[in-house]
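Presented sequentially are two complexes of subunit A, the first with subunit B as partner and the second with subunit C.
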Partner chain A sequence: MASFLLRRLLALIPVLILVLVIVFSLVRLIPGDPAVTLLGPGATDAQIAALRAQMRLDEPFYLQFVNYLLGLLQGDMGISLKSGAPVLQEILLRLPATLELAICATLVAILVGIPIGVLSGTRPNSIFDHFTRVFSLVGVSMPAFLLALILQLIFATYLGWLPVSGRLSPYIIMQPITGFVILDGIITGQWDIVWSAIRYLVLPTAVLAAFLAATLGRFVRNTMLEVMSEDFIRTARAKGLTRAQVVLEHGLRNSLLPAITVVGLKFAEMLGGAILTETIFAWPGIGRFMFEAIKNRDYPVIQGTTLVFSLLFMLTSVLVDLLYGVLDPRVRKRMK
Partner chain B sequence: MTALVHFLRKNSLATAGGLVLVAVILAVIFGPMISPYGPTKLDVLNKLQGPSWAHWLGTDSLGRDVMTRVLHGGRYTLAIGMGVVSIAFVVGVLFGTLAGFAGGAVDMIIMRVVDAMLSFPALVLAIALAAAFGPSLNNAMLAVAITLAPQFARVARSQALAISVKPYVEAAVSLGLPTRRILWRYVFANGLGPLLVQASLSFGSAILQTASLGFLGLGAQPPLAEWGADVSANLQYMRESPWVALSPGMAILLTVLCFNLIGDSLADWFNPRRRNEID
Partner chain C sequence: MKLRNLLAGAAIALPLMLGSAHAQSTDPLKTLIVAVPSDAVGLEPGANKAEPIGSEVILNVFDTLVAWTAPDFTQLEGRLVDSWTVSPDGTEFDFKLREGIKFHDGTDFNAEAVKFSLERTKAINTYVEATFGLISEITAVSPTEVKIKLSEPYPAFLSILAQPQAAIVSPAAVEQFGDEGFATNPVGTGPFKFASYQADTNIVLDANPDYFRGAPTLERIIYRVIPDASTRRLELENGGVDVVQQQGQLSAIAAEDVAALEANPDVTIIEAPSQIIRQLEFNNNNPDSPVADIKVREAIVHAIDYDGLLQGVFGGTAERVYGPLTTNSWAFNPKMEELAPTYDPEMARSLLAEAGVDPSSLDLTLYSFQGPLWGAVATFVQANLADIGINATIAQTEFPAYRALQTAGQFDVALDGRQPWYNDPDAHITIGYLSSLADTAMTFRMPEDAELDALILEAQQTVDQEERKQLYFDIQEKIAAKVPGAYLFSPKLIVFTRANVNGLVINTAPPLNEYWGVSKE
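Up next is the complex of A and B:
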């Protein structure tokens, strides 16, 4: 397992270098002199010269890239042009909020998507199955911002059951320990904080989870259909197992494996959706941070957040491969 | 033709999607011609009116007819879908076919770049690129096309790999035909099916992503009646006049849903394992 992990991580290196080239090139894609564009109108020649020197724009492209890499290795993602603080520090401050949202949404999507898929996969062409198919197609065709607005309008504006936006009631003051509000609330035993955080979490989670649940439901349905026609299912039935045992222990277990890949792949798309969701719900994560950086033309922050999103995606794909090994003995054997 | 009829009869959802899509296309072509209003014609005295006979979907904060704007936006949206998918198709297929046919170092380099581009969440990369290019509809379309191209490259490469070992390609090579001609006449032409499925599946994402960029202010700029931009421009009136922002949003949903219904059924159709299930 350890050697598999090592090989998997080593294989990531060439991809990672290319990812870094792309992220690095982003600022260089800006038409004109990056320093002039970054500082905007009204910058003095001295300021422009200083920024050119700081960004080493006078050096050749490959040297600039090497310096960028060396900086990254020391945790230097540059300085935010807006706040003047190190980009990495600003990102780490906001990362827990995004992770909290993404993890909750993934859990909800799994809890909703897999049962839906199993139910319609074991009853193909039933009314429930048709309903699932339409639900999942609407789910993947729905712009995240539209679903967010509709949910906000119904549950926050009209019914008043849930808060419109934010992460925690403005009347609650708390010292962050881990940065994960719910976890912090549980650690310190402040259940009012936990309750408030959950209320704020419901709508953005629903928006992010909808897309993943729809994709997952459809995928599990199709794999269930295939698995349930396999010989070992017939054997299990012939042994006299109950329907529930056949479906859960033999059918589901074998359809779960490909489903994990889908969750991993779609996790990335969900991170993209987080930019829209966080912006609409004023969720203080890195998605909204990136959106604000775009409005402010804060390119070091755009670079940093793009890189972090990509790293999260790559880590997820490694994690998915490892999970594969845990769940499938055949794969585990090959990993050794 | 009989294959098409058979396909439509077996795929009621795809047929429904196709019919609605035809209706949408007709509406956005002829609707603006019939509508008595212009998409940017101001009428501030009648701003934020609810749906009525005069204004089927009401008016926005500047008194513009929402229905007219949605219909005009549809023209942009369909053009965006076509434009983005075409660019992604040409770029992706070019590199993918080359990689699969040439093999070796060329294949390695092209596919590593493809892997790297697929290591970004698509929307994140599109947003970052659009931010670098500068906010405009053309730049947003280019950014989305760049993020979709790697998927075409993947499909084209696997097609080229499978086809380049076929006897007719070997025959063409031994006849001394120019590589460009072999690629075009044999490799590309014979691998077209799955690429067209990929194209039909990409339409939905192309429209969704460009609309998302528009929503974030990185795509079409006002007063252009693009759907995504129109949703975000009317957010502040959500409470009193939700139809103004929701109408273009629902139009996106409807159009993307139609494309996905068709693309989905086509994908099933081209997949032999699933095709038996449908028949």
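Up next is the complex of A and C:
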């Protein structure tokens, strides 16, 4: 297991370097440069030239790349062209918000999606199955921004139960400790913060979870259907096990394996791909940060966030492989 | 190295913060929540590049020496100064400072602080090199007297001193935090003190009870970052924010939003005229262009239905522009209203005939910025041109690429505009029409014209305001006679507030709000 892990981790390095080379060149191929973008239509050439020199964009491409790599080796991802703050610090400030949302959404999706999948998989073509099929179709096909707007209108504007956007009541000013607002509230024993944070978390979580729960529900349903018709299930039934034992211990355990891959990959995607949800709900996460950086041509931030996303994505897939080993003895054997 | 520092810092800071992490909530009636689309780029004068959010924070945390007087912004008043005099040759400015003012850190405001601040901006803020570069010497004559010398006369200099870059900073705080640290710990004399900042979340300002013009009614201002326009609108309707500003940017105002919010009794809409001009620009510096013939240009400016554009596309949220300056500029020449082209397609067709140009032979590309409103303007103009037989294809172009194309002169007709930040005709005229600056920014690309160029430079340097005004009157007529473009409209500055917000005054140039006099019921 340890040598498997080491091999997988070492294999990440060349991929990361490749990602870096591609991103470093690509961002410089987008027309327009950060000095022009930051200063807007009213600026003169002299103002732009002065800012370019200040940002050291007037240096040749290869020198910029070498300097960036040398910095990376020391854990320095450069300075944001917009804010002037270190990129790593800017990313770490925003990562907890994204993680908080992704973890909650994944948990909700698992809690909703898997039972739906199991129930409709064991009762194919029942009314429940038809109902969840429609639910899944809507969940998978509705764009995030539309679902977000509908939920905001229903639960914030008409019912007034939940806030429209944000991460915490704007009247509560709190300097982060861990950056996970709920955790910070628990650590300091301020339950009003925890409650406020949960209220703000509901809608964005629902939007992110809807897609995953729908995908997961369909996926588990289909694998469940397949597994339930296998010989060993018939054997288990013949042995006189209860229906619950057959479904949960034999059926579910075997249909969960492929579902883990789906959850793992979707979770990894959420870490970097929740741009729309983060923008609509004014959620101060890393996806929105990257989106703004692309708009502003903030090269170091685009490079830094892409690097972090790639790393998180690859680490998640390693983790999924390890989980496979834990759940499936056959895979565990191959890892050795 | 950096990572280790950060982790070490976190390890030290964590127990300290655990002891002090109290959430503070305030009375909602004493707190004003302002929606902004993104984080500020910078919070201090030394780094300010006329970016709206940071600039507005600066104007509320700091004071400038002088400021334009509300509500019509045609007169300067002293803020940190009691009075000032300008030498007859326009190169020496003597200021008498107010006494007894203190910075938020308790240190005294005095002549040394003024000298320090302005010299600091001059040294580290490249954005204002063209204007601050004119300062040759600043002398602290006494603790309450400052003399500023310019290398050449520049009457708009007082307007420059009302800009965020010219705000007066606490020298002690700059020394304590360093230039970089000061950006996240700005200390001024203004009505609000900087309290905290959280990335992509908020900027918090607390009231300065010792403010020299009197303590503000509000206890706190929270700038909430809400990037999505429809979310901002929902938050305003639900009372999650008190103020939504459009900052005079065309892309941010949707006419249908204004109409919907007008019907909402919980929301007040404040409109103020701006000095922004949006125009259809001709490439005036290309003899091979189809618009090189003045008759063709005249035909095009008569083809546009100006009032229809204001009503149809903007629903009354924009005003007519008659020439190179807006009607609210102190140098606006009233004669321009008569001289401005009228909508007359018949005349346009006959002008084309006079020029011997077959309109169907004109196949123009109409360049424009991106965004739905620019698209609507472009479509409107396209239809007007089609009406007199000219075929125009719209090309909405992404900004940095658009600038490159425009400054290289690779266009015949283009939609463009200028939002002046300092309140002086110089902000439109010099950069827009001086031939030596034609290629250095998005301008009208005027060809060399010794007479007009000399006139523009003379107006820029004339000290006597009345004399200056006459020069600008003359310049406006001379420019209009050359038909450098069609002046389409001036969008109003529009600020939405909750109905219980009182006392908000909207500045026109720079288009930024001051919250000192604001209260909530």
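Keep in mind that, in the parts below, the second predicted complex is superposed on the first by the 291 of 336 C-alpha atoms of A that agree within 3 Å, B and C clash if a C-alpha of one lies under 4 Å from a C-alpha of the other, contacts with A are read in each partner's own complex, and residues count from 1 in each chain.
Methods note: a contact is a pair of C-beta atoms (placed from the backbone, for glycine too) under 8 Å apart; a residue touches a chain by one contact, two chains touch by 3 or more.
Please read all numbers here as calculations on a predicted model, not as lab measurements.
Trainee: So, A:L149: does it touch subunit B (first), subunit C (second), both, or neither?
Mentor: Both subunit B and subunit C are touched by A:L149.
Trainee: Where does A:T44 make contact in the superposed view: on subunit B (first), on subunit C (second), on both, or on neither?
Mentor: In the superposition, A:T44 contacts subunit C only.
Trainee: Thinking of the overlay built on chain A, is A:P86 touched by subunit B (first), by subunit C (second), by both, or by neither?
Mentor: Only subunit C; A:P86 stays clear of subunit B.
Trainee: Considering only touches as defined above, state whether A:F313 meets subunit B (first), subunit C (second), both or neither.
Mentor: In the superposition, A:F313 contacts subunit B only.
Trainee: Just to be sure I read the superposition right, which of the two partners does A:P31 touch: subunit B = first, subunit C = second, or both, or neither?
Mentor: Both partners.
Trainee: Quick check on the superposed pair: does A:I172 touch subunit B, subunit C, both, or neither? Answer first, second, both or neither.
Mentor: Second partner only.
Trainee: Could you say whether A:P163 touches subunit B, subunit C, both of them, or neither, answering first, second, both or neither?
Mentor: second
Trainee: Under the stated touch criterion, which partner chain does A:I187 make contact with: subunit B (first), subunit C (second), both, or neither?
Mentor: second
Trainee: Under the stated touch criterion, which partner chain does A:T279 make contact with: subunit B (first), subunit C (second), both, or neither?
Mentor: both
Trainee: Touching subunit B and also subunit C: which subunit A residues?
Mentor: Shared contact residues on subunit A: 31, 149, 152-153, 157, 279, 297.
Trainee: Looking at the complex, which residues from subunit B come into contact with subunit A?
Mentor: Going through subunit B, the ones touching subunit A are 13, 112-113, 115-117, 119-125, 127-129, 131-134, 204, 208, 211-212, 215-218, 228, 231-232, 235, 238-239, 242, 245-246, 249-250, 252-253, 256-257, 259-261, 264, 273-274, 277.
Trainee: In the complex formed with subunit A, which residues of subunit C make contact?
Mentor: For subunit C paired with subunit A, touching residues are 1-4, 6, 14, 17-18, 21-26, 28, 31, 33, 38-39, 41-42, 47, 49-51, 126-127, 129-130, 180, 183, 195-196, 198-202, 204, 222, 224-228, 230-231, 234-235, 237-238, 240-241, 369, 398-401, 403-404, 407, 416-419, 421, 431, 437, 439-442.
Trainee: Write out the stretch or stretches of subunit A touching subunit B in their complex.
Mentor: Within the complex, subunit A touches subunit B at residues 14-16, 18-19, 21-23, 26-27, 29-31, 133-134, 137-138, 140-146, 149-150, 152-153, 157, 222, 225-226, 268-273, 275-276, 279, 290-291, 294-295, 297, 299, 302-303, 305-306, 309-310, 313-314.
Trainee: Please name which positions on subunit A make contact with subunit C in the complex.
Mentor: Against subunit C, subunit A makes touches at 31-33, 36-47, 50-51, 54, 74-76, 82-84, 86, 88-90, 92-94, 149, 152-153, 156-157, 160, 163-167, 169-177, 184, 187-188, 190, 192-193, 279-282, 284-285, 288-289, 292, 297.
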